[in-house]
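The following blocks contain the structures, represented as structure tokens.
Each of the two complexes below includes chain A, the first together with chain B, the second together with chain C.
What follows is the complex of A and B.
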């Protein structure tokens, strides 16, 4: 009848040892997260308040000096402008493209799995490899580059895609590389969304005489609202983190052109390598983090992310 | 002879051409994973001898790694462990200096950076040269000296220069250019439907012509008093010429390989190319004697022709537990052992020994374009960038060049922007 209370150890282990197993499974990851993510982030915030050139244990406190420097640095500000321009290109185009692909694949009568795989496959390719293919073979500036060969068929002069800024052909190279790599992934998200739409809605629409665009406009798109919101948010955040394709397409030995330098590339040059200016680099990173968080919050509020669907 | 300089990543002097391009500036390659072998500890040291870790970047030439290991093994007074670093050496070395597990001795392009020196990360090596001081190229020593103290010992000298196809110039009836105007005219005359006249990199020369453009106008990055060096009308004119070249249609742009690789020249895409000495084995293999060399020409009578010169230099980390032993070792290897220095410069590729007296004994530099190149180093060689030209200054300058050359921005306004950054950097260093 009356039994003594379970021992402390037993209580800690929980019913059916649940807590113990939880600790065993989650512990290592938690530890990894702490050591490799949270400690560096906190350390970085710490460094951002110091003059930390060529040292990670600085003593020279400068308050918000690094932040002021970064915000008044025209090169850093122009890197933010580059991001805005890039996001303005890449977010809508990828959105439309992946939604279009999803609608097509969803409606395919045959070889559905095949098309789905074909469009998804580029996602598995690394940005570095894709950039190299884009730079060296498709958009190579010499007359025997793939695109220039095609232009040649129409009697057009070869274009030095990545070397000229007027007109800014480099944007075409950068945007298409990323589109090719990421459209498939978002297509899968949209496909999942599409498949959650109840067929009865379409049937009802058909009875009411809605076809084609009207179905898309009044049934499909509203039903995809939650997915679209998530996709837009992801696209924007990932655009913010753009580094690989920019770096691999545009950096030449020793210098990087200012006209397409997103914030991460700028910080890479400012804080790493021979620069080793961890104070300014960390301040820049903190500013960026805050911006991403702010934009995500605003966008979430604006588009109703996480709101219960009515 | 080297295995060849035409492969990406495996090219001869891969590290050199990178550092030459860096101009004391920026790391260029993607980060490779950090190895845990720092060269310190591990195997028990022989007897009471101190143990030293010596770091190199990965040289492209076959046999280089064995060579440095052999030199290290022959050193009697310490056990030297060579660490051969693949990937982004500059960044790895710079960040390793922050920790206790970094190198004792390490090489660095153009010597340690001003911030390494100011942060006290590298040891003073002034007393190591002794009588040999006059034998080292003075401009290189000056590049590695701060406030009268020397922080790096040059290991080998490299350079950039203008290489041209003799036959192409002859066929077009073009004389080797001696001024920038002649160069522009020659590039135009040499351009046809299939061949462009000149190749100065896919960025239109932003990466490598920053120095030559100033020297050709009689200016420099900084003045002798270490103030901003090119707030002058001559600089404006020089930058306008670069813009003129870019828009002339006679520059090769968007080539599959960049200026540091000789392929554009050997494959007949261009008639002239500004490139490095390390391309010579490949050029000789592919073109025989159908090439010759020139410096970057002068702009006007007030200016001078020039070739940018750089050097990997040996330095000692102050975090080393054996600073004195490390200093003794680099004195032994890079000052006293002249036969090893000659072997290092000549047996695995195509370089100029750091000591002037050795240049005379270097067989490969006695004839042909190589002899001309070696002569150019002494006659018109300029250190790539001054020590006080920081990465931030370097970025500001290349940004300005980009805007001038590619967008046609106003040179005067751009120079002012660079000056503001450079002045602030100089003030920071002085403070």
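What follows is the complex of A and C.
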């Protein structure tokens, strides 16, 4: 003890022992990440090969049985399809909306900070609060709901927005809620990207007589390429995590409707519902994780995201 | 001639742009207005067939009714949310700040491998891991405890990634001056780097606080006992209940977003600056 104490003190003094200092700075984070992220994931992979109901230390090995069950389960497959449909709606609309807001706000001559704040403010709201306003006030299926009141001004019949599947009005409710919540955040990313574009490019374009759409098409959009890539990737990853608004908008008194169920909601009910079926839930989580990683990698490679790292 | 023409189209475009901006702003503010309008109305005024812009009499009593309602532990939920958000924010700033600095500045043979281990978790959305995380936390016996709600959320790969990107761009000369005086990594970090990074730290802190306060899936899974509910879970319980007390629900939602809106108004400059300097969009 007496021999190690002075040497430790010497190692801690100054910057001689880089490995030790790296451990002190990065170690706590890395340890937490291993315990609370990597261990659960490995455990989940392990559980996915077992029949694990109500137990986390199963003994009944079923091989790929859970995977076969999940992939042949129409409900799980339809939840994957729901996600694809949801992403196909939400990613482009949020992308266009936030880019449009950024272009508008960026060129505003006065009250610029005010408009930026207004569009950014919904970021402070939670999905629960937004779901509440959307479900009970704007898209309330009854006659006094805001949208139905507006429809009434035009002599149109009220619509039961969230409780009918034909035509699927609930997509309008779900997509607009999410767009309101997140468009402002991506607008800020685009604004940051716009500020990095050199003014000389615009001056050169003005000399060449380029205006309006041409400037947007040949200068602004190409210069925003890196930002666009990051925004697309973030939007897609976050769309995969959709849970809050589906849970709150579509569930009524614990009775979950069989439509519009994204994978996460499905897994929630499968694994943590009455069955506590960790085996099937884990297999579903592994399938979903592989799918997300694959799409992210393909998209990253396709859009050249990997080059950004040093 | 050409300049006159351009300025005229510019002015016309400017008017159109402001019309779109104002209409857009009204749409973005509409939900906030509905929240306050419904929260301060009576049930019969909310459900009246004639749309009223503003309640004929503001029902401030709704606030007292909400806190006196024994079926939803509103006060307890707010306290839980505040505790969780404050502890998580402070801890994430310390843990991820240190890790980000270490990754950016301390040469270590396997630093790249460590960095890839961290970045890999960014590809796996945290929400997908909730089944295994739930299993781990229940094995530890942390269901319905503050420990279970707080501790698994302390290790944020995204925050560490953002800190690393930021510290890579931190001016090295400031650190070198301290190092010439014989100050080590620890001293340089706390006495030079942190005091010169308050803007970025405030940005990451605000984003972490918002994320923590608004979190839903994890508190839903872990907070099974009403005494461990967060305010989001309390609201959701209201929302999915058999009979809904509308004014109470909306006043509760208004109270739930109030701290964040206030924070937003004061710290927005830092968040915007932080997002701009985070390197996400580079």
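Going forward, the second predicted complex is superposed on the first by the 279 of 310 C-alpha atoms of A that agree within 3 Å, B and C clash if a C-alpha of one lies under 4 Å from a C-alpha of the other, contacts with A are read in each partner's own complex, and residues count from 1 in each chain.
The criterion applied here is as follows: a residue touches a chain if its C-beta (ideal position, glycine included) is under 8 Å from a C-beta of that chain, and two chains touch if they have at least 3 such contacts.
None of these values were measured; they are calculated from a predicted model.
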Partner chain(s) touched by A:136 [first = chain B, second = chain C, both, neither]: both
Dominant contact partner of chain A by residue count, chain C or chain B: C
Partner chain(s) touched by A:163 [first = chain B, second = chain C, both, neither]: first
Chain B versus chain C as contact partner of A:128, first or second or both or neither: both
First, second, both or neither for A:56, with chain B first and chain C second: both
Touched partner set for A:272, first chain B, second chain C, both or neither: both
Partner chain(s) touched by A:107 [first = chain B, second = chain C, both, neither]: second
Touching partner for A:201 - first (chain B), second (chain C), both, neither: neither
Touched partner set for A:236, first chain B, second chain C, both or neither: neither
Common interface residues of chain A - those touching chain B in one complex and chain C in the other: 56, 128, 136, 142-143, 247-248, 251-254, 272
Chain A residues within the chain C interface of the complex: 12-15, 18-19, 21-22, 24-26, 28-30, 32-33, 36-41, 43-44, 47, 56, 101, 104-105, 107-109, 115-138, 142-144, 146, 149, 180, 184-185, 188-193, 195-196, 211-212, 226-227, 230-231, 234, 237-238, 240-241, 243-244, 247-248, 251-254, 264, 267-268, 271-272, 278, 281-282, 285, 288-289, 292-293, 296-297, 308, 310
Chain A residues within the chain B interface of the complex: 53-56, 74-75, 128, 136, 139-143, 145, 158-166, 247-248, 251-259, 269-270, 272-277
Of all residues in chain C, those that touch chain A in their complex: 6, 9, 13-14, 17-18, 20-21, 24-25, 28-32, 34-35, 38, 46-49, 51, 95-96, 98-99, 101-103, 106-109, 111, 114, 117-118, 121, 123-136, 138-139, 151-152, 154-155, 157, 160, 168, 179, 182, 184-186, 189, 210, 213-214, 216-217, 220-221, 232, 235-236, 239-242, 244, 246, 249-250, 253, 256-257, 260-261, 263-265, 268, 271-272, 275-276, 280-282
Residues of chain B defined as touching chain A within the complex: 17-18, 21-28, 30, 88, 90-91, 94-95, 97-98, 113, 115-116, 118-119, 121, 194, 201-204, 206-208, 252-256, 258, 260, 269, 391-392, 394-396, 398-399, 402-403, 406-408, 417
